[in-house]
Amino acid sequence: MSWMKDTFELTGSFLSAFKVTWKNLWRKPVTISYPDQKRVLSERQRATFALLTDPKTGEEKCTGCYICQNICPALVIKMEKEIINERGYAKTFYLDLSGCIFCELCVQCCPQDAIVMVRHWEIAEIKKENLVLDKKRLMENQKYPFSTIIGSKIREMQAVPKPPTASS
Amino acid sequence: MTIEKLKDKIKEKFNLDCQVEVGLVKILVPKESWGTLAEFLRFEAEFNYFSFITAVDRKEKFEMVARVENLEEKTACEFTTEILPNETLSTLSELWEGAVWQEREVFDLFGIKFENHPDLKRILLPEDYTGYPLKKEFPLDKHYEPYR
Amino acid sequence: MEVKEKIPLQSIAEIYQTFPGGELMLTTTEKFFKWAQVSSFWPLTFGLACCAIEMMATFASRFDLDRWGMIMRGSPRQSDLLIISGTVTIKMGPRIRRLYEQMPEPKWVLAMGSCAISGGIFRNSYAVVPGVDRIIPVDVFVPGCPPVPEALMDGILKLQDKIKNSKNDYRKVER
Amino acid sequence: MNTLFYSLVLLAGILLVVAYLTWLERKFAGRMQSRIGPQRVGKPWGLLQPIADGAKLLVKEDIIPQATDKTAYNLAPIVVILATTLVFVTIPLGKSVVLVDLNVGVLFILAISSLALIGIFMAGWGSANKYAILSAMRGVNQLISYEIPLVLACLVPVILAGSMKLSSIVLAQSKVWFIFYPFLGQIAFLIFLVSALAEANRIPFDITEAESELIAGYTVEYSGMKFAFLWLAEYIHLLAVSLVGSILFLGGWNGPWLPSGLWLALKTLLLFLLILWIRWSLVRIRLDQILALSWKVLFPLSLATLILAGGWSFIF
Amino acid sequence: MNLIAEQIETYKSIIETEGDTLLVNMGPQHPSTHGVLRLVLKLKGEEVVKIEPVIGYLHRGFEKLSENLTYIQIVPLTDRMDYLASITNELAYVLTIEKALKIEVPKKAIYLRVLTAELQRIVSHLVWLGTFGLDLGGALGGGSTLFLYCFREREIILDLFEEFSGARMMYNFNQIGGLRYQPPLDFFSKLKATLPKLKQAFAEYEEMLQENYVFKVRTKNIGVLEVSLAQRMGASGPVLRGSGLAYDIRKAYPYSGYENFEFEIPIGENGDCFDRAKVRILEMKQSLRIIQQALKGMPEGEVAIRPPVRVPTAVKVPAGETYMHIEAPRGDLGVFLVSDGTEKPYRLKWRAPSFSNLAVLPFISNGHKVADVMAILGSLDPVFGEVDR
């Protein structure tokens, strides 16, 4: 009578599969309809970049020290340094988004916290050339909300805690 | 067969000394006895889990490293040998079928040929690719390729 | 068997214009078919590497792209969008070229992820084609490694706007 | 003159209803998979989605691959569409609302619907693509082996109603629907449903266009309008199956309160949703298991129900 | 008449007549080959006579690239190898360097590494379960329902990872000597909230698959892999445990604090697709147990030992060879590092579990139907970033 057991088991399995789909039929869908509702991105989100200006003095923080250019594994950052009244500036600063892998090493080791990642993902382009962010566009990106991860923040998170434990 | 017994057996059979670490036996093998040692490990010492085989390009000679493990007794054995760039090495694919693909990969990236290997041809790169990329003198930016 | 000489489609558009209301009718039909092409945009199930997993997540329940009328089609004959999601290696290059040629004419290509746009971190590897636009013409680039579903959807929206206001005949796609 | 007019209205009606069945399927499937179906095309619920799909496929470039057998390749969609739409000729949509009420209605429906098999095989063989050939072979195996249980299952209501005329079958069910016959009706309906699903290549029997093995089955080489025909034919076949099912077993248009036409529409919709529900929750079975299921299980079962039906109509 | 003769010619070329076997080429673009794998199948009717997988379509040259990057820059590169379980790749690489440098990682980093590795195992098994449903049920059929449920659960965990590191898939979490971030303040409470949801979802999958007759018919004694062949091939992880050998590196060679967590290792009986699936689903449950224990015992304190990276050439590994292998979701993932004292590795060889797991395919799929080959391939769960490296 294995034939009877088989059909019995068959209907049992069909019913259990139907039960699962039936239960889900009445659950609220989890979809976020993108253009109208947008997902709340986490505040450590890594999207495009921004070069910061010092809010107090108003001039840019980046001193063109080439550290981020050396540490980038995908070699996408290129800059030239110029000295104006004994302080270094980045004359030109190119960040090629088409090669960048968003690994955040440059943000981690920037001594002046000059470069930061912002929470703005609408960066698709029709033409490949304007994927290369030059200094002007990096400055403009400051209008987007910054991610809370800045160079000094990471180092403070990782540093061996001094007596008062610096918890983030 | 614990590690010490294995050490003495290898000593008296191939008179090779091997360093012993926790759960690992490292042996430096001359090229000729590569096949016989592998057979010994496979049948007498029951190292029947094949981990990997790879080559390290030391510029004037290749260093072949193979690692096999015995899962029940949690011991592993890494046996290495040195061969000159254009020499061939006896294959391990009769003892462990896993070696078939791994040796093809070593041939594909280093150019080392293995004797009586079932079908030694390129596995990762396109068939008509010239040049062996993982060799040290293969420069990174110069490309031998049919397509670029 | 010689191939019969196809009537050049451009001339049909000119014939349209000779009728009294032709100009108006041409633009409305063009607009209607453009709207149809944009709102039923069938991509090809074709994933290469990590971006394919993110593409699958975009088509899954949370960022469901079936809302925009996009069903994943198996065969290139029925799909009009080719999403290159992943690293294009030199062994895969000719396959992608053939896939592109098998797709019927109004077809678009979306290069997803920095590996497809410019080879990303593998740019100077010996086995990677730096950028898929060396093999096939690409319409929109979505940077990211892998791009978050929002970025991919934003890319698709930008591609749809590009189709909507591309001025040419709805049959040929402006490269 | 009015038959021509009526048949045109019928054809337009079928295409419209089928177009919105595809929309219903995507919405229903979406809801079951906790996502929303088409939403952005015709603003509130994506109602313009089928029109957009149709228009886009209309404008698609129509590729005829060079190695195909041109005649079979081009004729296949027409044969498949013909086979599936011709069935609606004898299906009564109301008391007297029928194109031509053949007194061999059930036989005509079964004969015509098995024509689709020829179209599918032509499509598979014509497109000279290995996947298509494999899928055509599978399609032939599956459809032939499910022809017999389908015929026997349809014979049960014919025996109980005493005539093959569809409208008279519905009349015979005015008191008790055939499905409520104690043991006989449920088994016959089950066999009918299972074999009709196999005829229409739906999950769990959709190995002809199995996505995971044979990419898109016999529709691999088709693009543009030809693909639209093949794709729509499947839904037209489903509409026919749910219509015939509700007429043969669920008592057509007689029901207590609502007007007659509405009952029929409600039952077909219910049957269609049941088929969708089956489609989106079961896993596909392999070819040899499908054939085994048909020959070893469905065939003897349908013979038994036929004998039971004969006995039943003999006693009462 | 010559028209028909000519067409017969074209068909003859398509169907090679070597004893009426049909040579089918399931090319790199195929909905169910989990990425880029070309299967050259020799079919007799429906049955597979010979199968030869052709790989290499995603060979990106990891080993050559990593010889030109410093030790710190390789960490984001390792994420891209087994792109479904990027944390375990980083963990394997970072543990090798720490073994070579003999660094002691703070306790909180150890616990966090175990926690995130187990979460990553659940995510990777969920993607496997979804694509396995696709292989059996087809993209438009019931299988895709399972696929979408699995991806719905996966999104919950990905949100947690996004809270922690900012990225959904390529986290660049670990760093030589610990982690790069402290978890945000509400991370642990959110994690505690999601665990019951996951447990309930796993019960739902169990019910939809395990007793499902159609699933059992499609996977019972299909692609039977017996233990000695699996060992000789080097198959590991759920594929080896499915054949009945309880070999799990977390228990055999405990690394990174796994010795103070207790969990069982699920094994199968006769090594067919069903057992491999059962092993993976039970493993997901075990991972939940480990996560709960890790949450309970999470100590306070710092997460990294090395002084924060200021100058990129900070890490130099003394000359020598080290080998370290961990239990990745797909099996025994090993890193063989040959270092020469500079800040770039001399040779970095990855022992990829999917490479050997996939090599088993030709041995176990002879005589099965085409549909079964897809089920077997799905049960081996190869990821091609790792197979082709």
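Here the chain labels run A, B, C, D and E in written order, and each chain numbers its own residues starting at 1.
One rule holds for everything that comes next: a residue touches a chain if its C-beta (ideal position, glycine included) is under 8 Å from a C-beta of that chain, and two chains touch if they have at least 3 such contacts.
For clarity, every value in this text was computed on a predicted model and none was experimentally measured.
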Which chains does subunit A share as contact partners with subunit B? C, E
Based on mean C-alpha positions, I'd like to know which chain lies farthest from subunit E. D
Report the chain whose mean Cα position is at the greatest distance from that of subunit C. B
Inter-centroid spacing, subunit D versus subunit C (mean Cα positions, whole Å): 34
Cα centre of subunit A to Cα centre of subunit C, whole Å, reads 26
How many angstrom lie between the centres of subunit B and subunit E, each centre taken as the mean Cα position? 25
Can you work out the whole-Å distance between the CA centroids of subunit B and subunit C? 46
Of all residues in subunit A, the ones touching two or more other chains: 14, 17, 20-21, 24, 29-31, 33, 35, 41, 73, 101-102
Could you list the positions in subunit B whose residues touch two or more of the other chains? 124-126, 133, 138, 140
Give the residues of subunit C that touch two or more other chains, as numbers and ranges in rising order. 60-62, 64, 67, 74, 91, 121, 125-127, 145, 148
Every pair of chains that touch: which are they? A-C, A-D, A-E, B-C, B-E, C-D, C-E, D-E
Subunit A - residues contacting subunit E, complex: 6, 9-10, 12-14, 16-17, 19-21, 24, 30, 41-42, 44-46, 67, 70-73, 101-105, 108-109, 111, 117, 147, 149, 154-155, 157-161, 165, 167-168
Touching subunit B in the complex, subunit C uses residues 90-91, 93-94, 124-127, 129, 134
Give every residue of subunit B touching subunit E within the complex, in rising order. 23, 48-52, 54, 56-57, 65, 67, 71, 74, 78, 95-98, 100-102, 105, 109, 122-126, 133-134, 138, 140
So in the complex, the part of subunit D that touches subunit C is made up of which residues? 26, 30, 33-41, 46, 48-49, 51-56, 58-63, 211, 215-216, 219-224, 227
Of subunit E, residues touching subunit C in the complex: 27-29, 31, 35-36, 56-61, 64-65, 76-77, 80, 83-84, 127, 130, 139, 147-149, 151-152, 154-155, 158, 168-170, 384-385, 388
